[in-house]
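Below: a set of structures, written as structure tokens.
Next come two complexes, and both contain chain A; in the first it sits with chain B, in the second with chain C.
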Partner chain A sequence: MKRKHRYVRFFLLILVSLPLTGCWSSKEIEDLGLIVGTSLDLETGDVSSEEQQDARYANRDLLTITNQLITSETTVSGTKEGSLPEKAYKNVSETSDAVLPTLRNMLLKIDKRSFAEHSKVIIIGEELASTINLKQSLDFFLRELEIRPSGLLLIAQNRASQALETNEPTKIPAFQLVEMMEGHERTTKILPPMTIAKLEGKLYSNSSFLLQNVTAEDGEVKFAGAAVIDGKTKKLRGFLNEGDLEGNAWITGDGKGGLVKGFDEQSGSPIVYEIISMKSKIVPHVDGDQISFTVKIQSEGRIAEHWVLLDKASDNRFLKKAEKVFEKEIERLVKNTLEKTQHEFQTDVSGFGTKLRIHYPKVWQKIKKDWDQTFSEVPITCEVDVTIKDYGTSGD
Partner chain B sequence: MNSSSKDKITTSQAVVIIINYILATGILTLPRASVEKVKTPDVWISVFLGGIVAMIAGVIIVKLSQQFPDKTFYQYNQEIIGKWLGWLISACVIVYFFTISAFEVRIMAEVTSLFLLEGTPTWAIILPFLWVGLYLISGGINSIARLFEIIFPITFVIFLLVAFLSLGIFEIDNLRPVLGLGVMPMLKGIKTATLAFLGPEIMLLLVAFMYPSDKSKAVKVVLVGITIPLLFYVITVVMVIGALSIEGVMTRTWPTIELMRSFEIPGLIFERFESFLLVIWIMQIFATFTITYYAAVLGLAQLFKKSIHPFLYGLLPIIYIIAMTPKNVNDLFKFGDKIGHAALILFGVIPVALLLISKLKGDKT
Partner chain C sequence: MWEKVISYVPHWQVFMQGFLAFLIPFLIFKLFNGFLLVKKNNGKIDIKEQANQSEKVHKPIQKTLEQFTGNYNVDLAQMRKEIGHNWDVHFREFHIGNTGNRAAIVFLKGLCDKELIDKHILTSLMNCHTENPTIIKGYELQQLIKNEVLPVSDLREESNVMKSVGRVLTGATVLIVDGITSVFIIGTAHGKTRNLEEPISEALVRGPRVGFTEKLSVNTSLLRQHGENQHLSIIQMEVGERSKKELVIAYIDEIVEPNLVQEVKKRIEKINLDDVAESGYIEQLIEDNYLSPFTQVQSTERPDRVIAALMEGRVAIILDGTPFALIVPVTFNMLLQSPEDYYERWLPSSLIRLLRYLAAGITLFGPSLYIAFVSFHQGLIPTKLALSMMGTRQGVPFPALIEALIMEVAIEILREAGLRLPKPIGLTMGIVGGLVIGEAAVQAGIVSPIMVIVVALTAISSFAIPQYNAGITLRMLRFIAMFSAALFGLYGIILFFLFLCSHLVKLKSFGVPYVSPTVPYRAGDWKDFMVRMPLKMMKHRPRLLKPKDTIRKGD
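Let's turn to the complex of A and B:
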């Protein structure tokens, strides 16, 4: 009896050792290449391999994808003796006619196993965005499990791969871009971040939208306005500059902070208004077939800087005068933006359609198909109300 | 029926069993399934009404069971409509129970192999799950109820935590307008929403297990048991649509997991919040799997008036085979719809008929 038990125990011991083997499909971090950023470009130049030439002959568009990798070798810090690696990142590029095959072709070039769970940013080149439907070029990124929908999407003027380069060897450009995006909190010249998760809804609702635009030259990366994506074709339509973005932020009211620069009428000296809060209400009016909008903007803020020598900020008359100046300036920004979106691009990127959908759902059902067209002819008026709450530590 | 005192459950245990039964696949798929039907942001109203419909069905089921307080559905239905017809209905209910149990196992395997255990073969995910379930069920309804009591609070806390973490990407405009296109689109979603509330049917059996003094509270049990999942579902639908918008939800296979993957909270040590959700979700699937498995086994034992054990082991391979039948995810979802439709007839129509017949019979005698 006792002997029998011993066998049972022995058997159990072996059985127990099975689940104790630890992580079955683990991958050592030293062998991983963490993908932190990806750029997509349209390839128009010469091609070398047979596969690429075949695609050329068949008149298919060729993509060049650049992955920014962080590997155990690139992250060696100063503590280690010997020479530092040249850069803190490693960019790998490959060209083919669809996204995943291109990525897989990179296997032929790198020893690390690519791992995209920590991918932070996807940058699309101007040319690619204006020739290929975003739904198609981004399909892989929306489908693939390893790529998290919290990643950012940017458009690059010129080549997107340049945005993943930098002159400072210790910096990782992909992370830099993500951190720069946080500047949205302090200026209205940067759009609120558009993640892949939000993009999905935009792409399928056929509405036009904006994507943050980035320019890169000689290793210097800069945010410069926004790209207008047409809701119907899902291709790049054109660019808004930083000023237009400011106007757009006032229309949508989704800016978190920023400045308005006005000029005193008498002396022409600059007065700067810092936004504490901005609210906007887009009110649609429908009268028969006539659609119109009123944009009601309310803002509170403080005088952050003023060069006017004759006036004192502690004087209410000056504050009233300054409020008028800023109201005018904001109205000008809004008008400028609308001029561009309504007449130049004929796309609604500021959410007028959404408000119409919410307040007049039945009207919206009828006109949503050609909304961008309708939008370009809709009269929009603008009411701005600025309140200056304080003027910092100087009453002068 | 084994009426030994240890096979009794308290009122709160009965509530927890219903909650854990209802919460299952729906958490991950309800937002998509209902948005596909409704196509306006009014989905949450549909879900709400779906819950009310389930409550009505639940109350009818309880009223029926209260007519025969010490017997399970399998035993008393023969008294109402005769031996053969009763036998047939019992058989259908048993098939329903083990089919749904197989369905849950397969869904679990699909999600796990997609999100957690990439590369692990499906059978290797399913088999341990089945075995652990078998072990639990062999302890009877009491062990099941006690485990469910442990699972529920964990689910509750973690679910609310992850749901509210996603507030950062919530946009109220995605949920507006309310009833903008009238009530019609919203009504279209009620059936889909009701199907997410499969579960009150367990009261056909549970009333027999409740303490005699508690049996009168069975209506309350079913109402509370549905209200809590109702809140869970409404929160899920509101959060998912608020973050991803109607159009964004429609194209996602597992929208709720997508939501958890869609945000990062800087400063917090963890990322990958979907793993939290998956942990509680798998526990819920396990709960649904075991209770339906148990209901089927119990039915077989009572139908053939034999011990429960041979059926316990005999059903396991059948569940495995059914679970492996759907060829791909689309088939699997269609399979789930079919089970739902079967449930509408089995637990929407038949209990009403049985209740009427038994009332009429009762009046005569």
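Let's turn to the complex of A and C:
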């Protein structure tokens, strides 16, 4: 019997030692502050923080980071009797010279444990993007384990922190931005979403690219064109407007839907073309040292709306005429965009370089160093082929 | 070159870790084995002591193995001495017809068919008239009664007093006649039985509405009635030292593996108990591993289930006095199957089976996954759901584990209480309990609404498992899963699952691996595992039982 007791004691010892670990690294969900959005701004005015007076920090750029937090108190169901909280989110800002120290300083201001695995969007202010290399300012976000690579990256005209504010207190601005982005399938005026995972590839490939641009004024957030990021310096070069984005979508063939508005030549009334499918092919030509491109665009769609009273949509002659109108309009859009990217910004954001690399790797090796420079002088022609498949439920 | 090789040799700490990783489980294993050894030794001693005791008990009984003398007064006195003090034993003395021989019948009130005794035994004996009444005595009288007077089918002669006493106690009527050195034993046993009813614990939508009853002969006749089968063997055994009970082992001798029958007989013979009250006793005494949480013997009230098991080459054990028959050997998948799976068409029953596996998974891991997600892996919850969970848990004073424990224990109490109560009250209690647990607990801020959903889902899932005791097993293990989730999150759940798997893989029921056909893998048996293939495809019996005849006849 004594022996038996000893074994039982050993068993108990092992059993008791297990719960000694406690609830290892457990953190209850209601004690978290979910970070759903982050904005980065460059600090310009006088910052009278202690760090500024430190000699080491003289002449350094300072960052202001704003985190959008959702805590259990700000959610609707968290408040008793369903009374709405004043705001569905809580923005906390802090200024310092690198990302993580700033975030840690933020701990002094909030009572919840901040948790970034649900982070949806990172917004970079215009000033920051045009003065600091994106590789440097985003290094922490690319490195950190807690931040998901599915988060979106946006550029804000003027201050980025304003994009995280809204007039409607029950809405969460970070979610609004993401949901607006998801609507891109029905318009070509919004870029396909640029996630952190995709960004990493762009940052390391030395080619220029576009980032979705947002403007925020008095709590109203709006997507407005795109920011051009220079492939070499990784800095903001300038902005394309919505029209330019449409042209870019036609060049790359990336759009999934959208509209083209043309005008009837005789009456001047508008006709609207709804895109069902768009395809584009960039064909490079090399003739000695002479490089040129042809952009072949094919599209199918329907007439969604037409104000021309004299013509019937069921009339084939009218359809042919309309196709011509749209072809011209698309060509105009493409030309406008190329004008801007080639001559104003001198950056290739539509993937012409990639096509050249694939088709003429040897030529590419020679010119890839100064590609953006070369690109600005390359002649580009455009061939558009529009087919109208149907005219909806009305033959008029 | 050597430097390069040496640089790849791990640091001594790695070796140390490896050594410990071997040593600690090894030590635990040794400890456990030692524990079992001690247990076994204790058991052996007990058996010996019991054997000594039982010999002592048996001796006085053996003394009284006496024969009937043929003297009416002596024989009657002897019977009276043995059982006359009992209230329910009746002695009725009379004369046999015109012969004038004295006679008496001894019977047990309640157990005997009174009408049979009155109408056929007493009437015949009292009214028997022979031509020369005075001469007939002794052997001739015995022959006369046997051949001409008593119109009953079940008639035997017995000369041993103790044996006839035993027969009286089981419902037979003993007839003592003056001058005959043995007594007649007339089978008049007519115990109270209930009607054949549909078993409550295993109700089916489609299938025979018949369940076993408490009477062994009815149960075996139910098996026989299933269809003419000369190979269905029903072998009688006896269990219980002080109160003996009949027990039969049923199997189909053309199919079953002979060693299995031997093993079952051996284990039943080893049972050494005063009284075997229910087949649950046998189940617990013959199972392979009494420390395992899983049931290794299937109990059922349904004759069709027993027949189906016999046809696969299993063995059934039926005990007198209980409607629950036992089936051995058992594999895990049997606990999640229902006879209905075979009666319905194969597509619906396959889907329902998969559903049961899902339900078993939810029962086992539902609350623990909730705990792991809420207190460890919030990043794995979809954002919107995470937000609403955060909101609903706002103000709940307990960590997720305590919250889950409160609710789970409450629902277990509710289940247990509802089970014992009479039906109308049980219904009311279900409503009240459901309201209190569901609505009031949330309103009071003790638990979050999502926890209520998890608990309800778990409880319902556990009742979707067709075997009640298998459901209890999973519900029991669920608590361990919850604790391991609270300790280490998803990592803990995985550890617990691996631990469970390693136990299951090692477990055997009468020499058959418990989780077969998964381990050891037998592709052929998978046709009747998580899904049920069309009957035309299931031509073979499960191979793991090593049946003598592997092919189900007819195609």
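One rule holds in what follows: the second predicted complex is superposed on the first by the 367 of 396 C-alpha atoms of A that agree within 3 Å, B and C clash if a C-alpha of one lies under 4 Å from a C-alpha of the other, contacts with A are read in each partner's own complex, and residues count from 1 in each chain.
Criterion: a residue touches a chain if its C-beta (ideal position, glycine included) is under 8 Å from a C-beta of that chain, and two chains touch if they have at least 3 such contacts.
Since the structure is predicted, the reported quantities are computational estimates derived from the model, not experimental observations.
**Q** Based on the superposed arrangement, let me know which partner A:Arg357 touches: chain B (first), chain C (second), both, or neither?
**A** first
**Q** Between chain B and chain C, which one contacts more residues of chain A in the superposed model?
**A** When the residues of chain A touched by each partner are counted, C comes out ahead.
**Q** According to the stated criteria, A:Ile14 is in contact with first (chain B), second (chain C), both, or neither; which is it?
**A** second
**Q** Who does A:Leu108 touch here: chain B (first), chain C (second), both, or neither?
**A** neither
**Q** Which partner chains sit in contact with A:Leu32 here, chain B, chain C, both or neither? Use first/second/both/neither.
**A** The second partner, chain C, only.
**Q** Go through the superposed model and pick first if A:Gly201 touches only chain B, second if only chain C, both, or neither.
**A** Touch partner of A:Gly201: chain B, not chain C.
**Q** Which of the two partners, first being chain B and second being chain C, lies in contact with A:Leu310: first, second, both, or neither?
**A** Touch partners of A:Leu310: none, neither chain B nor chain C.
**Q** Touching chain B and also chain C: which chain A residues?
**A** The answer is residues 24-25, 117, 148 of chain A.
**Q** Across the complex, what residues on chain A touch chain C?
**A** The touching residues are 3-4, 7-8, 10-11, 14, 18-19, 21-30, 32, 34, 36, 70-73, 75-78, 80, 115, 117-118, 120, 146, 148, 175.
**Q** Can you check the complex and tell me which residues of chain C touch chain A?
**A** 28, 31, 34-35, 38-39, 42, 374-376, 378-379, 381, 383, 386-396, 399-401, 483, 486-489
**Q** Using the touch rule from the top, collect the residues of chain A that touch chain B in their complex.
**A** 24-25, 117, 145, 148-150, 195-198, 200-205, 351, 354, 357-359, 361-362, 365
**Q** Show me the residue ranges of chain B that touch chain A in the complex, using the header's touch definition.
**A** By the definition above, chain B touches chain A via 40, 114-115, 117-120, 169, 173-174, 176-177, 180-181, 243-252, 258-259, 261-264, 272.
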